């Protein structure tokens, strides 16, 4: 347990009277892909927001590389290397692809390595290089997701948190994106994946957490969970671990 | 025909102030999402600064621009951190709006108290210099006003398009939360946007002091005119705002000449209402001032 | 007995106390002229003025506080009411001219109708600050129209009324006090009615309110019109007081600004807030002339800044933890725990 990159311990959060998270804990090992799955409204996004700093009214602890980050500002967390690819991507549609990417590298360290980061991103997503002076709003759904991930990569992250990468994408595109995420991970970036598409997430990840009503109800390796009968029944339909 | 052209040219030259003020409003709006009501008051404030620099130190208005514009930028940063930062954190537009109202009221009355309602006017040697071009008179100072406005618009455009900070400003005015997720200091971005708006007010103030006579009561009407220009030109469009400003200047000039003094204001407000109802996206189809409810 | 005490007992403790204090205050003010000669002392004038401001303020509170739509056109409605009164008097319309209640009511109705006419296009298209600016533009148009009205409105010189009927400050004192109380009560009951509920829903989340079947535009316009009516009635009283209705005077921004100050200083979202605010503002006037004459407006502007910075919910709002005028970032209903950002 010692060299976990990210450790969330007993995190609770509420929106007014609504309890969004109750004592959730998870850990992400450096170099791993960890999936956080669950139904809509289960608390996945809340957890990400707590880690990225959008939500600060929480109890519990969050440590990154051994440092307690709950008091850190969002900027400080990005400086530490925690970058989120938000749900719905939140690109800047009127800005060009290049400009979107460039904005990923505004902090000092990433800025000095901008050329390399750019090359890396274009290497992963060649279509972005071709269209780099086009407006981001004109991209297709899959390309936008690539751009969103690429933008996060520009910040030279140690941990990339991707919220609902499959949103609005066809199964084929989703597979493509997930493959790319896998490549990303092979290159050394730790990934925390929040996903409603449970099947693909479980296939890709090394470890997964199932969250329901603000609590982690199950955890284990991706394969184990895929084979688990309860998971299959609840989330994947009776036919089990085949693609529906 | 000559008269008509003269009136139009005068209108264009007067409209430069509107245009510069409106660009400022547009930039401020982008990140703070409010129409900064006190813009006109700020213009008058800096016009007074130019005036007093001339009166006490004998500093030429165009030279004092080198001091006044940076000062106005600094004032903008200060005002943001002092007044508007908290409200922008709350994402509460009503608070920001009322802060602007309070600021306007306080400064307007301060100026009135300090300097009285007597019109002020900077007299320079070149003040009455006029060019005659094909039967049309173009005053030197008014031409300079246009030049200054063009330079200011170009500077802002360059900043927004070509610098990282400017790109951040553009991004923040679309989706501020997303910029925060990238680690960008959204307060600083908003502060810079606001300061640019105030710096443009400073620029307009230099123009005003060098060309026209003014008094504290101008501030308020000016702000409204700047908003009309913004509605005409659309948000987020630097050149659109400038053009719309010139256009409004022309409209007012024509109205004053052909209908009568005092009616030009009413006609401008009528234009405003027309735009609200019939052309909410402005003349240039940019992002609109009006949001359909 | 039960039917009288039941509604009173149904109020919260804070509301009961507030009402008690309010009744005490009003009684004290009503009886004041027996102690102080209002014809001679400035106190009478300040209270008169404050009551006018409070009348406008309660109306503004309805559209700005309860519904969350900040209107910057109250001074136009005030002036319209004043001119309507003067116009009717001069042309012999009405029952008995001086302090004619029929005229005063009409002086409230006319601005309300105007509010409906301009409110529908403005409120249906503009949200928030644009609506504010729209009302501002409208008030500027009105000012120009009246300045340029020539024979119709008396132009810059306005309308003069026969001041021979002036009989001392007392009647103005009591009329303005009565109207202020009536308007406060009106806003109170409206606030507790279905209209008030709709307005609050609109302020909190317009889209959600609309999806629940609330006709957003209708309620906004209603609130706007009522606010205009109250401003108009206040303008009417002022016309009776001054006997000389001039555009620069009755359309002055002071008639807009001081009521707004009263509401934000005291607290939006309830009728007691403006009462508290009115109290403070009248003290500002009273001491103003003595200690810092000519600086009242500057101080008023400064006060708005201070209130907005440090207690946007107003003084009474702090007491009551009243529902705020201001929206919070939607994701965080508990009002805190927002994004962590540095300075």
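As written, the chains take the letters A, B and C, and residue 1 is the first residue of each chain.
The rule is short, and it goes like this: contacts are C-beta pairs under 8 Å (C-beta built on N, C-alpha and C of every residue); 3 or more make two chains touch, one makes a residue touch a chain.
Note that this is a predicted model, so its numbers are computed, not measured.
Student: Measuring from the mean of all protein Cα atoms shown, which chain centre lies nearest?
Tutor: B
Student: Measuring between mean CA coordinates, which chain is farthest from chain B?
Tutor: Most distant chain from chain B: A.
Student: Please report how many Å separate the Cα centroid of chain A from that of chain B, as a whole number.
Tutor: A distance of 43 Å separates the two centres.
Student: Starting from the mean Cα coordinates of chain A and chain C, work out the distance between those two points in Å.
Tutor: From the centre of chain A to the centre of chain C is 52 Å.
Student: Measure off the straight-line distance from the CA centroid of chain B to the CA centroid of chain C, and report it in whole Å.
Tutor: 31
Student: Residues of chain A that contact two or more other chains, please.
Tutor: Where chain A meets two or more other chains at a single residue, that happens at 54, 74-75.
Student: Can you list the residues of chain B that touch 2 or more other chains?
Tutor: Counting only residues that touch two or more other chains, chain B contributes 177, 180, 185.
Student: Which chain C residues touch at least two other chains?
Tutor: 338-339, 341-342, in rising order.
Student: Give the list of chain B residues in touch with chain A in this complex.
Tutor: Touch residues, chain B against chain A: 164, 167-168, 170-171, 174-175, 177-185.
Student: Sort out for me which residues of chain C touch chain B in the complex.
Tutor: Touch list, chain C to chain B: 68, 70, 72, 121-130, 132-134, 136-138, 140-141, 144-145, 147-148, 206, 216-217, 253, 257, 260, 264, 294-295, 297-298, 300-305, 308-309, 312, 325-329, 338-339, 341-343.
Student: List the residues on chain A that touch chain B in their complex, please.
Tutor: 52, 54, 74-75, 77-79, 83-84, 86, 90-95, 99, 102-104, 106-107, 111, 151, 155
Student: Where on chain B does chain C make contact in their complex?
Tutor: 33-35, 37, 81, 83, 85-87, 89-95, 97-99, 101-110, 113, 177, 180, 185-187, 220-221, 224, 227-228, 262-263, 265-266, 269-270, 272-273, 276-277, 280, 289-293
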